[in-house]
Amino acid sequence: MKPHEEHRQAAPHEVKISIITVSTSKYQDAQSGKDVDDVSGETARNMVEKAGYRLVSKKLIDDNIDMIRLTVFKSIYEEGADAVILTGGTGISSRDVTIESLRPLFEKELDGFGDIFRGVSYRQIGSPAHLSRAAAGVIDRRIVYCLPGSPNAVETALDLILPELPHAIYMAQG
Amino acid sequence: MKPHEEHRQAAPHEVKISIITVSTSKYQDAQSGKDVDDVSGETARNMVEKAGYRLVSKKLIDDNIDMIRLTVFKSIYEEGADAVILTGGTGISSRDVTIESLRPLFEKELDGFGDIFRGVSYRQIGSPAHLSRAAAGVIDRRIVYCLPGSPNAVETALDLILPELPHAIYMAQG
Amino acid sequence: MKPHEEHRQAAPHEVKISIITVSTSKYQDAQSGKDVDDVSGETARNMVEKAGYRLVSKKLIDDNIDMIRLTVFKSIYEEGADAVILTGGTGISSRDVTIESLRPLFEKELDGFGDIFRGVSYRQIGSPAHLSRAAAGVIDRRIVYCLPGSPNAVETALDLILPELPHAIYMAQG
Amino acid sequence: MKPHEEHRQAAPHEVKISIITVSTSKYQDAQSGKDVDDVSGETARNMVEKAGYRLVSKKLIDDNIDMIRLTVFKSIYEEGADAVILTGGTGISSRDVTIESLRPLFEKELDGFGDIFRGVSYRQIGSPAHLSRAAAGVIDRRIVYCLPGSPNAVETALDLILPELPHAIYMAQG
Amino acid sequence: MKPHEEHRQAAPHEVKISIITVSTSKYQDAQSGKDVDDVSGETARNMVEKAGYRLVSKKLIDDNIDMIRLTVFKSIYEEGADAVILTGGTGISSRDVTIESLRPLFEKELDGFGDIFRGVSYRQIGSPAHLSRAAAGVIDRRIVYCLPGSPNAVETALDLILPELPHAIYMAQG
Amino acid sequence: MKPHEEHRQAAPHEVKISIITVSTSKYQDAQSGKDVDDVSGETARNMVEKAGYRLVSKKLIDDNIDMIRLTVFKSIYEEGADAVILTGGTGISSRDVTIESLRPLFEKELDGFGDIFRGVSYRQIGSPAHLSRAAAGVIDRRIVYCLPGSPNAVETALDLILPELPHAIYMAQG
C-alpha cells in the first residue's frame, strides 16, 4: 500500500462541501429576478454529489473581495464545510478578484494545484492553458479551491481534486 | 466554437509590441561603440513580425532595476504598446533583476505562464528546464512577458505566447 | 555544445552538500535514545555520494522554524556547503514549516523547481501529485532545496537536481 | 473654517459602531457560564454612547484569526457598522493575533494611528508605551481600529478617535 | 561638530528637485483648459527656491498608479532630480494612490518621516493628525517624499525636510 | 499597582543579553589586525551591565545579511540570550542591511519602538531625527533590537529599552 493510500483510509468518512459561483453578471441577473443558468455551479454540484460527498451549501455571489471573503468564512464557520469550491472570477482583468481575495487568507498554499491543473489543461486545449489561473490553500484546516468559471475547467479541476479530497482534508487537519 | 476562439475574434485587430533585450554585457558593448549581435532580440523581432503584429520599439538596456522599469513604462505610455516582451536578466545570480524589477508592478500575474513554458522546455531539454525562470503579468491593461535570454527559450516562449496574444490582451483590458 | 553544457564544464569540480532531515517524530525518537530509521535521509546520502559529490554534514532536526534556519546557516557558513538538501516538513498541516522557514530567506527562488518536480511526480503517481509541495532558492550564492519527506519523492527530486547541480551552483555564484 | 472642519459637517449624521472584545480567557469564562467583567468593552461602550454614536453590536470573542475576521465581516455586512472597534489581542506574544488577523485585510492602513496613540501614551506612562501595539485601517469603506486590551489604553485611544470619526468615515467613503 | 553636521558639509552643493502635484480634479481642469490654482505645488516651489535648491521640473498629474510611477522615473532619469516631492493623493479613500504607487518601489523606506511629520502636525492641529498619511523612501539613490495635498501639510513637511535634504541625499548615495 | 508594574515583578530575575556591533569598516579593521574603537558597542556594554543584566556575548560583525542572521541565531540558540541588541547598519544607503536582514525574521514587530525612539530623538536633535531608522521584534520568544550606530542613539535607545526589558521579555514569552 502506498503512503497516500494509507492516509486516504484514515480520512473522514463524510466530506462536507460548499460550492460558490462568483460572477458579477449572473449575480446581477439573479438580483433583478431573471433566470440564471449557472452551468459551472451545476457541473460542480453534480460531480460532488456523484463522488458521494455532502453538499452543505451552494451560492451565487458578486465578484467582490469582501463578499467573497465573508461567504467563504460562513461556509467554514456556520455551514461546517471541510472544503470550499469557488468557480469564476479568476481571469486576468482588474474586475476578477477571487484569487486576490483569498490568497492573503491562505495559511498555506497548495502550490502545486495551479500547475498540475494547467498541465492537464495544456494537454487538452494547448497554449491557451497558459492564461488560466487557479489556486488552492488552507484556511483554518479547511481547503479552499479557486477554479476558472468555464464548465470545462470545472470538470478538469474536479477530476483532479475529488478523488484526493479526503486525503487532502486529512492532511490539512493534521 | 470554443470560448477562447470567440474571444480571439473580438480581440483588437492590430497588436502593438515592444521588444526589450536586457543584458549588461551587450549594453556595455553597445555603449562603447562595438557591434552587438543581439540574437534573441532579433529572434523575437522576426517572430513578432511574421505573426503579423506591429513592432513599435526594440531596445537594448542594462540589467538594472530602474532602467528596466522606466523602459517598460515608456513602452506602454509613450509608444502605445499592448504587450512588452523582455528577454534576458532572468537567471538566478544576484545580478539578474528583470523579474525582480517587474513582478512588484504586476497588478495581476499570469501564474501559469512560467510553468507551462517550463513544461514545454522540459520535454525539449530535460532536467535543466527546472532552473529556468520566466514570468508574465498585467500592468495597466498591457501584458508584460519576461523571457530567458537564450534564443531557444525565446523561440519556445513565443510559440506559446504569440497565437494567444490578441485573446490575452482582450482579457487584460476586460 | 548547448549553452548549459558549456556552463557545466566551467562549474566547480567538487560540490559540497549538507543533508537535513526535518521530522518532529524522528527527532523526538532520537532525543529519547531510540533507534531512528531515516530512510529519506539515507536515500539522499546514497544518491549524493553515488553522484560523486562530497557530503559535509547530515543531520536530523525538529520541524521548528528557527532550528531549521539556524541549521541551514551553519551548513552554509560553518560547514561550507554549496547546496543544502532538506527532506520533510513540506506538508500542508500547520505543523509543517520547512518551506515557510526558508522561503523568506531566499534572495531568489528557483520558481520552476516545484512545478517540474510535480510534473514528473504526476506522471508517476497521478492526481495526488497536486498536493505535493517543494521549493528551492538561493541564499548567499548557495542553493537550498526543500523536498517532501517520502523516500520516493526524494528519489524523484534528486534525479532531477543532481545532474544539474554544478551548473546551478555556477549560475547562483555568477 | 479649516479643511477638516468642513469635511466634518458633510459627514454622515448617524455613525454606527461595533465593539468587539478579543480575549481567550474572558471568552472561555463566558463559554463555561462564568460572569465576565469586560471592563475595556464597557469603557468603549460608554464612550461611544456618550459621543452620541449608535452601537449596533457588542461581542466577546476568542483570540483566534478566523473568528476575528468572521466577526469583523459580520459587523460590516450584516450589522451595517461604519466603524469597528476591537480591544485586546494586540500584545507581542504568539497568542496575540488581532493585528495579524486584520492588517492583511486592510485596503489602506491609517499609518498614523499607532504612532499618534503611542505618542499620547508616552506622555502619560513613559517608556512602557514603546511596547504598545495598535493599528487602524479601511475595509470596504469602513474603518477598523485595533486597540490594546487595557481600559486605560481604550480610553486614551477613543479620546483620539471619537471626535474625528465622522470625518474619518467620510474620507474612507470618498 | 555633531556627526550629521559633518555629513551636511560633504553633501552635494546643488540639490536638484522635482515637484509633482497629484490631483484628479485639478488634472481634469487643466486638461479641459481651465485655470488651475495649485496652491500646494506653488507653496512647495516657493519653499524649495527660497532654500536655494534648484527646481528641475514641476508637474500636475492624475491620481493614477502608473502615471505617478512614470512621472517619478522621468524626474529621476530624464530630469536628473536628486529628490522628488509629491503632494496629494495620500488620503484614505480608494482613489488615493500616491503612497500605494511608490512604496513598492522604495528600496529602503525612511520609516521615521511619517511619524515625525505627524508628531509635529499633532502639536499644531491635535487629533486629526492621526488620519494623516505621509511616506518617504529611496529609489536608486534619490529620495522621494509623498506629502498630503493641503498647503499647511506641505509647509509643515518641508520645514522638516528641506534643512536636512543635502544630508539625506548624501546618505542615500553612500 | 499599574498593570505593567505587576508584569515586571513576574519577569525573569536574570536577563541575558547579546550585543552585536554591525560595521563593515570596523570589521575590516579588526580582520586586518588594527585596533578598533567600538564606542557604540562599549556604550551598550556599560549600560547593560550597569542595569544589572548579564552580558552573554559581544561581537563585531560585517554589515552582511547572512552574517547578521547567523550571529543573531547563535546568540539565541547557542548563547541563550533573552534579548539581542544590534547597533549600526540602519542607515538609508544600499549597504546598510541590519533592519533588512532581521525584519523578515520577526514573528511580531514591536511597531512602536521606532516611533517612540524617534520622538525622543526629535526632542533632542530636531529634524535630523526623521532620517533615523530603528526597529525591534520578536524571534522565538526573544526580543531583537536594531539601533543606529552612533553612541548618542545607542544611549537614547537603551534609556528607553533597559527599564522595560524584563517586562518585554515576559510578554514575548507569554
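Assorted remarks:
As written, the chains take the letters A, B, C, D, E and F, and residue 1 is the first residue of each chain.
In this text, a residue touches a chain if its C-beta (ideal position, glycine included) is under 8 Å from a C-beta of that chain, and two chains touch if they have at least 3 such contacts.
None of the values given here were measured: they were computed from a predicted structure.
When the contact pairs of B-C are matched by residue number across C-F, B-E or D-F, over half of them reappear in D-F. Two copies of one sequence, subunit C and subunit F, touch each other mainly through matching residues, since over half of the numbers at the interface are common to both.
Rotation angle relating subunit B to subunit E: 180°, from a CA superposition, given to the nearest 5. Spacing of subunit C relative to subunit D, judged by their CA centroids, is 45 angstrom. Subunit B has its Cα centroid 31 Å from the Cα centroid of subunit A. The set of subunit B residues that touch two or more partner chains comprises 115, 119.
The set of touching chain pairs reads A-B, A-C, A-D, B-C, B-E, C-F, D-E, D-F, E-F, using the touch definition from the header. Subunit D makes touch with subunit F in their complex at residues 91-96, 100, 114-115, 118-119, 122, 125, 127-135, 150.
Only residues 65-67, 69-70, 73-74, 76-77, 104-105, 139-140 of subunit C touch subunit F when the two sit together in their complex. Residues 2-4, 107-108, 110-113, 115-117, 119, 138, 141, 159-161, 163-164, 167-168, 171-174 of subunit C are the ones touching subunit B in the complex.
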